[in-house]
Amino acid sequence: MDGFGVTFAFWVLTGVTLVAALGVLLSRNLLHAVLFLILTFVGMAGYFVLLSADFLGMAQVLIYVGAIAVLVLFAVLLTPRAGRDNGETRMFLPALLLCGTLLAVILFVITDTNWAVSEEPATVSAAGLGEALLSRWVLPFELASVLLTVALVGSIMLVRSREEEAEDPR
Amino acid sequence: MELTVLVFLPAVAAIVVLLLPARQEHLAKYVALAGSVATLALSLWLFFTFDLNESGYQFVERREWVDLGAFNLQYFLGVDGLSMPLVVLTAFLTTASVLVSFSVTRRQRLYYALLLILSTSVLGVFTALDFMLFFLFWELELFPMYLLISIWGSGRKEYSATKFVLFTIAGSAFMLVGILVLAFSASTFDIQVLGQSSFDDTVLPLRWVFLFLFIGFAIKLPIVPVHTWLPDAHSDAPTAVSVMLAGVLLKMGGYGLIRMCVTILPGQADDLSAWMAGAGAVSVLYGAFVTLRQTDVKRLIAYSSVSHMGLVLLGVGALGTTGMVGATYQMVAHGVITGLLFVMIGLIYERTHTREIARLGGLARQVPLLATGFVFAGFGSLGLPALAGFIAEVMVFLGAFEQYEWAALMAIFGVVLSAGYILWMLQRVVFGPVRPEWNSLTDQRHWWEHSVVLMLAALIILLGVYPAILTDMINPAIDTIVLRVGA
Amino acid sequence: MTPGLEHFLTVGAILFCLGLTIALSKRNAIGVLMGIEIMLNAVNLTLLSFARFGVGHGPVAGQAFVVFIITVAAAEAAVALALAVSVYRNRDTIDVDKLNLLRS
Amino acid sequence: MPFLEAAATQSPTIDEWLLWAILVSPLTAWALIVLYFRKIPAVAGYLAIAGIGISCLISFVTLFNVIDADGAIAQHTHEWFTAGDVVVNLGVRVDGLTAVMLVVVTSVSLLVQIYSTGYMAGDSGYGRYFAHMCLFTTAMLGLVLADNLFMLFIFWELVGLSSYLLIGFWFHKPSAAAAAKKAFIVTRIGDLGLLAALLLIWSRAETFDIAGIHHWAASGEASDKIVTLFALGIFAGAAGKSAQFPLHVWLPDAMEGPTPVSALIHAATMVAAGVYLVARFFPVFEVSTDAREVVAWIGAATALIAATIALVQTDLKRVLAYSTVSQLGYMMLALGALGYVAAIFHLFTHAFFKALLFLGSGSVNHGTNTFDMRKMGGLRAKMPVTFWTFVIGSLSLAGIFPLAGFWSKDEILLDAWRYDRALWFMAATVAFMTAFYMFRAIFLTFFGEYKGGEPVDHHDPDNHFHGDPAHPHESPWPMRAPLLILAVPAVLAGLLNVDHDFGDFINHALPELPHHEGSTFEWGIALSSLGLALGGIGLAWAIYYKRWVSSASLRELFLPLAGLFEHKYFLDNVYEDIFVRGIFHRGWNRLLELTDRYVIDGVANGSGRLVRGVSSGLRPIQNGLLQTYGLGFAAGVIIFVLAVFAANPL
Amino acid sequence: MNGIDLVGPQFAVLIAAGMALLVDALLPRQRRFIPLVALAGLALSVAWTISWVSRDDYQSAFGGTLALDKYAVFFYFVFAGIAAAVVLASIDWVKREGRGEAEYYALLLVSTAGYMFLAASRDLITIFIALELSSIPQYILAGWGKDERSSEAGLKYLLLGAIASAVLLYGMALLYGFTRTTDLGGIADAIVAGGSENRALLTLAVALVIAGFGFKMAVVPFQMWVPDVYQGAPTPVAAYLSVGSKGAAFAVVTRLFFEGLGPDVASDDWSMIFAVVAAVSMTFGNVMAIVQTDIKRLLGYSSIAQAGNIMVGLAAVSVAGEEFVLGASGVIFFVAAYAFTNLGAFIAVIAISQRIGSDRIGDYAGMWKRSPVLAGALALCLVSLTGIPPTAGFWAKLYVFNSAIRADLAWLVIVGVLNSLVSAYYYLGVARTMFVAESGEEATFRPPLGLSISLGLATAGVLILGLVPGPLLDAAHDAAETLALVS
């Protein structure tokens, strides 16, 4: 991996993503936080592309930005009386300290490790990925679909209002 | 096959009792009696067919149970001269406790079922020759005891029942560790094999293993300072349970000491024998001193049991044949004598509804036969010659004196102290002028009360005047154990 | 400076910890969920970094893993929001520091 | 067992079964009474008399048989049981000593039973009384017949039991119940020594056999120290039963029992068992000078202390009780002073005249319903048989020539004189006091004016007093006859040893004849003791009959001393108040009890409470807040990682 | 073996889930048969698994991502059994709750299928998906109840579970980074090839993975959600969670350690860590349980303690050498025994609380009179949880402790047995309330049919395993051996 463009892109993305994530952490308004979250997801998609996972970058934008973030927005809107407050609990400082420690540990490990890095950047084509998903990981692939179905079915059951249930012919 | 029948006969009777329809509840006692008498008869038959010239295990039954190579359990029963008397004792006292329970009216089916299951578990402990099977039976006794005390007891019964269970579990917890370590070293739970193997320090130093086993048995025995569950359990338990508790349950501890601790780890027993003897002597004295302060008859007897069981430890600690024969004899003797004492207290309690020494008095005038039984049992307890306890005590002293003179000399003071507390109690409970509140007591008795008292009294005398009936049996068994210690 | 594996990993680590911080400190259940999503994203980043700088047949595994994580994240988000709504109906709030009916 | 073999010189002169029958006969009577005739007074009494009578008969047969065999030893041993290494035998051993004791025990017992049929008539516990008496006789005979220490110990304890039962016969009286308990416990303290001796002898000699022990002691195998310890253990047991200082305190209290019991047990037989025991093991004491010194001095001290207390007693029976203690001390003194024969001879004579005296006091009580001499007086005319037999007994006890007591006491004084002059001096003092207090009692009881006795409390359901204490009269024949019969040996028994027949006879019970010369008569000693006795009588006559000096002013004169005597040297107070109640009950025992409750049990309960406390303390952790849980989780992760790093340094 | 055959058991379960939804949609009148459909699916699953066993056909499939070995098969049975019991136990509750019945059973079945996959997975990705497949339905089910407690429990469970998942994933990612493969066998090879290089990375990765699974296992320090969720979730769901997710997590961790990390890694660092975790978990769970007044919360804490007990087996697994089969078989036997026991307890609690409408332990007073069967069954299960014979729990504890002794972890066993002591206190407390305490309410009742059947099965399992543990121990041993063979 070389070239100024890559380096530049990396640092820009890093800046954007981290600031966005910090924004999620710091913004007091839930809606703002959602927006920052979307920004983070977008930054993340950029990283994916940078890491030669173009397909996943697309998927990221599609699913996270398109689906999950929207879902979150819906949820925010569905819970109007809960307020838009995105404040912290009293646990903020301890959480920060703990996570700082965890970060320190992880960073120590990352620097401590002697990474075996291949000379050639490995690239995986979307077709290759698809083939892998349908051969070696066909089972998880199928299960993932079951999982999504179940999650949908379950979610629907959970959010059905009482009136709906009352109308239900059962 | 005989032993299996013997061990599970009470359990079968228990099931029959439980299956009785509610309307036939009054039959429960008779079923229980039949079951226990049948057990007694079978045990007596075994006792008299026991081959005295054979030092090994007899009536052996052995089946593979769980066979996993490294984890190998057997269903292995057998008796030798050490366990046979205790088996008979158990059957005997089970019958006695069923009889004294005839006046129980609450939840009879459950009551008798639990009592019989208790009997099965104790019989199992005395006959099991697989350490794990032994442990199984050992633990099996907890639940019936717990319920018996906490449902049919009196006073702080729940506290006492819980205390009993917790102490026992604490002990068996340590015991389990010891068993597992031993089984690890010998690759078997077979007591016969364990009793012939020699061990090295493995995951735990052997001394620890010994101590762990010892703790388990010492709590049951019980030895000072892990004895405090006993007075509580006794004072709050119903009569029959006190009889079983003092009569046979404590013996499980002494039996375990000899059968497991000493036989399996003779070297460690030898190293620690002075401590054992010392602890025994201290128990004897401490128990006696504290007994002297008790104001509740049952608590008093309970503490006296601590003192008497200290003798067992003293005898075992001496590690000689005489001492251990004495210890075994003491177990049997204490079983019948204290059994009778508790029976008598129970009968008195049924009439007076108090066990406070201060409130009793002059009973000899009102209920002369009960008083006579009480005095008789009391004399048995203080080690009067011609009664069972004397032989045992003197044998223990003789055995201990050969090994640790100081311990024996300490312990013989217990003889005076026991005379002190027993006679003082008799003086206050039985003798003296009649208290007006007991004027209305009458000397009416039921046949079951008669029979249980006579049964026990006869046994006490028999063991006092004809000790050879047991010693001839115990000697060979103890000899083999002592040979191992000496080796 | 050319970004290497360590750089990506570091970003991943920072994001992971940030996400965790968010998850642990936000009062609003949806805020917490957002933190979790960031954590999962950080994991994805880490996986893809390894895939990108990988050796042998490993890279496919990393990418495949990410596919599944994205899927599961979606499912989890859906369920979480459904539960949040459900709580909201019962309690009129989704502040997790008020959800302490169950304790000690 | 080398010693046992050495002892196997038997001279089978009497059938073994006869010897066992001596034991079995009263035992059978006991069993029959207990099982069937408890409630049938007539049968119970006669059954007891029959049982003991048979024993008595066989005892006499035995005695003559042994006399024929010139005191040789007959022994029949059977194994009883084996426990480990210990072999315990049951066996009978007959020799001169045994034979004499058998006769004493059975004959006195028989007479006392006859007496009791009168004395106890109407008591609600009549059957029980005779059952206990039979049991006692059995035990006492077993003690005498036993051929080994173990068996001896068993019967020794059984004797204690029957004594307990009989002292506490009137158990509804708190004082009786307390006295019974006291007697048992105090003697048991002494028995500790006996038990220790039992343990010691087995561990050193591996035998309980009496002959074996004799040989062991004589063989010099054991060190002096061990022999002394053994001897002292034996003596401790003896001191308990024979009420030697400082264990004598139970005997006076034991007078709470029926008077015939006192006569039999606490005068003639059981209390003599201690003396018998020391005599039985006399060869051991011969070896150990130290032990003998102890015996002699304890005996002397006992004799003196008891005699002084007897001087001031107002209760007739207690005078006799202290007198008994005193005489037992005498016997011990004799044993310590190597006077084996003298001691046994005195035991022999004492049994008769002391039993006589006690029965006499019982007879008095039968008439007056009291033992308090201050409430008596002038009974000489009303109870002539009682009076005369009592006087005979007293004279014999005081040692007036030629009554039995004179001969035996004289021998003791002689032995003491030879052994140690100080001992003789003490013994002589006691002889003087004995004469004094006995005649003080006689003058108070039988002379002067009758003071009315103790009125009958008719509300007491346990009182079976018949007749009118205000008008005492002579006792019925069953009571009078034993008095008369006992008076005979009280007078004549002393003559048996005039030619050392008695001594030679019982000397054969020893493995080898004593090294010292046997007692012979010495005029100086005899006359001086006679003089002292007469002096004592005279003094009593002067004070209590002629009243030349008032006893009250005399008491004033010796006030501190008299107070000491009256309070029995404060020994009971020391024992009961200071030791038993103070140091033990309120102190040490209470300390242990509190330790038990608050320390040992406290640890158990405390650990339970601790766990609960920790549990409650930890509850706030689970505060239901998601954030807390999340933090906990994260913290867990970090701790986990760090712990692994720490466990396995990089 | 074709593709369907390879996932037959799970397939059957999933099909049943689908069928349930279909029945609901197409035949609304036949709704009452939905539980039967679920049961039929489970039965089919079991039958299928049995057919494997009878064919003795074990293999690995799907490019090595799924291992169809005896180990997996063992857990198939366990999970199918758990699911069946929970289905039976749920019938009444679901009907009363009125929310979609079909969906409830479908979720349950899907989750069960997830467990089954978890037990068989040999690939990180498969493991992850299987884990989520089992977890997400659980989150939903936990929030299934209409009361606020239930939804609170669901939300808490989900959010915390998601955090745990993220941590787990990060760990997996690092593991992947270290070895560049997701295949357990490949990971093992890579670790062996890598030697001692990059230990820090490996450690961090494993720690995070263990933390992630630790959440499901409910061991300290990842246990905090447990009592809240158990208390809040519908009782049948809590029952399911308590045995299912714990079992699955242990199943997968054991496999992970055997096949993915190998004994090298394990024995070096992790034995001690697991041991400490086990000790702390037991202690925390037991100590906290003591002061609980809500039976479900109490069972929650108790399950933390039990997780600690199972962990003992895991600590022993981590030791290289012949003995580790014992540890692994200990874990899986414990899981099975625990499944019976805890299900039994929960089912009894369901039956009781349906009747008395309360989960307060104090309200269980006099239960012995009101429903002796329920009280007896619950007491038996509590005894089994304590580890007193003759119950399944006894053997389970014994077996893992035995393996720990062999792994030189005597101290851990001592901690374990002392914990049994503490646990006895509160388990017996419940039994005491039921058997001893009196209550004003006297009306007797019987549990409904479904509950009766499942309760009967569970308690029968507890008892039968208690008396004849051999076959199952054998099976567990075999299963663990196949693991060892693979590695």
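Every chain is named by a letter (A, B, C, D and E) in the order it is written, and numbering of its residues begins at 1.
As a working rule, contacts are C-beta pairs under 8 Å (C-beta built on N, C-alpha and C of every residue); 3 or more make two chains touch, one makes a residue touch a chain.
Predicted, not measured: the structure shown is a model, and the values here were computed from it.
Under the touch definition stated at the top, chain B and chain C share these contacting partners: D, E.
Common neighbours of chain A and chain C under the contact definition above: D, E. Ranked by how far their CA centres sit from the centre of chain C, the chains are topped by D. Taking the mean of C-alpha positions as each chain's centre, the chain lying farthest from the centre of chain A is D.
Chain geometry summary: the mean Cα position of chain D and that of chain E are 76 Å apart. Inter-chain centre distance (chain A to chain D, centres taken as mean C-alpha positions): 101 Å. Annotation: 69 Å between the Cα-based centres of chain A and chain B.
Chain D has its Cα centroid 36 Å from the Cα centroid of chain B. Multi-chain contact residues of chain C (touching two or more other chains): 9, 16, 19-20, 23-25, 32-33, 49, 54-55, 58, 61, 64, 68, 72, 75-76, 79, 82-84, 86, 89, 94, 96-97, 99, 101-103. Annotation for chain B: residues 166 touch two or more other chains. In chain A, 89, 91, 95, 98-99, 102, 105-106, 112, 115-116, 136-137, 140, 144, 147, 150-151, 154-155, 158 are the positions where the chain touches two or more neighbouring chains simultaneously.
If you check each pair of chains against the touch rule, the ones that pass are A-C, A-D, A-E, B-D, B-E, C-D, C-E, D-E. Chain D makes touch with chain C in their complex at residues 619-620, 622-627, 630-631, 634. Taken in their complex, chain B has these residues touching chain E: 65-68, 70-71, 73, 132, 135-136, 139-140, 142-143, 146-147, 150-151, 157-158, 161-162, 165-166, 169-170, 172-174, 176-177, 180-181, 183-184, 203-204, 208. The touching residues of chain D, when paired with chain A in their complex, are 625, 627-628, 630-631, 634-635, 637-638, 641-642, 650. Those residues of chain A that touch chain E in the complex are listed here as 105-106, 108-109, 112-116, 135-140, 143-144, 146-147, 150-151, 153-155, 157-158, 160, 165, 169-170. Those residues of chain D that touch chain B in the shared complex are 80-86, 88, 150, 153-155, 157-158, 161, 164, 168, 171-174, 176-178, 180-181, 184-185, 188-189, 191-192, 195-196, 198-200, 202-203, 584-585, 588-590, 592-593, 596, 600-601, 603-604, 608.
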